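Labels run A, B, C and D following the written order; every chain starts at residue 1.
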């Protein structure tokens, strides 16, 4: 964390101006932070090409909770893959719809497999996976 | 929910075979469910092109919790945008790294704005937004 | 091509209505064609996970043709990877800028490698790869 | 082109090492060039959120040329949108399959519209759009 390295980047003035105005809009305090984020994003998408990489996924599901079998089925998947599923948060969207957010940790291939299973459950309106990172290799 | 419509789809036998083997791998019970998911996915990505659409986002952040100012700053953003941020789940990944998953509800442009702010916070290792849906218009 | 199989798909009426209006806007003549495209898209993105799959890529480059060394360098890459690069189309955008579109055929890993090399050439303003397909396995 | 600005970026040594090894693999000569590409990529994806932005698209189509009506239909679309379609390259993939790459220039919304029309043509196996740039605002 401590050993920051400072190096120079050359950028055309026009491109730099456009970049500055974009990152200001997004709330960045300085260029280094914005460039760090572009680099991290690139490295993490590369990480997920390795099936055996230990990593973190966040899976979101939208569904109608009136479908009783659905809840049962989702529970059974979550219990079957206890070692990959770390936590689950439930939010009531409206009278019918719920959002469930599941945090997964493990090999990227196992996270993909469990999220495929969840997404393919009958009655799910939308299932989507964020491929993020344990942060261990990312500073 | 009740009024299902059944219609015919014509597909080349070879293409159908490939599709069947892919969805079996992913855990789908039948073609209708898999096709419904492809359609929903397409509709939701279309929804997010409308800035004023009421919708749901799930934002994940990975960061080092030792950075005290970071936690403070994340809290202050979350309190400032109370009407958009619905819940927040915290998970300890290892001694240094944490995952925080924030559920956002509101207009797509407001969700984008808050998630830009969160992502651009100094010290965040990875921030990523799932654009999902309230489910109200999606059956 | 000849052996079309017809099967039934059940869809909620509301979802179907939304889908119909989207595909009408996009110009589809009927649902089968639109569903076929969703399926093909899904299968092709799956194909590209296999490094050794024989496939087709389309790479586009935007650059300033006044940079003489750039043109030379791009040519030398194209000549070095003759067996992968099938054709190249050049378009003058304005006084300074050119678009070059390169068609690549071969193993997905080789297409990726050549497009990485092209994209990383100094002076390229934007390089982007379409991962498409030979069409042989797709009907 | 001429007025390069040099500024400092601070990066953690571990992150920098990972970045260096990734960009070396991709063929970059130095960090500035790789960072410039990350920035340009980000700016161009932002550009395409503006419907009226003058820009460039590259559309690729894979299809079976034995379907005579298809070729006719593709031609009629291309003639109808002459002011947007700049060029078209045809490549024979095998006995049955062809690749056609069409270069489009105009407002982003018009490029989207024409590529929707092309993609939705019956018999197309895969249609995909690269959203690139005129390069005028990108250095």
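Basically, a residue touches a chain if its C-beta (ideal position, glycine included) is under 8 Å from a C-beta of that chain, and two chains touch if they have at least 3 such contacts.
The structure presented is a predicted model; accordingly, all values stated were derived computationally and were not measured.
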Could you grab the centroid distance between chain A and chain B? Build each centroid from C-alpha atoms only and quote it in angstrom. 9
Using mean CA coordinates as chain centres, what's the chain A-chain C distance in Å? 26
Take the average of all CA coordinates in chain A, do the same for chain D, and state the distance between these two points in whole angstrom. 26
Residues of chain A touching 2+ other chains? 1, 40, 138-139
Select the category (line, ring, star, complete, other) that matches the graph of chains linked by touching. ring
Which pairs of chains touch one another in this structure? A-B, A-D, B-C, C-D
Within the complex, which stretch of chain B touches chain C? 1, 3-16, 18-19, 22, 31-32, 35-36, 38-40, 42-43, 46, 137-139
State the interface residues of chain A toward chain B in the complex, per the touch definition above. 1, 23, 25-29, 33-34, 37, 40-41, 44, 56, 58, 60, 62-64, 66, 86-87, 89, 91, 93-94, 96-97, 99, 101, 103, 105, 116-117, 119-122, 124-136, 138-139
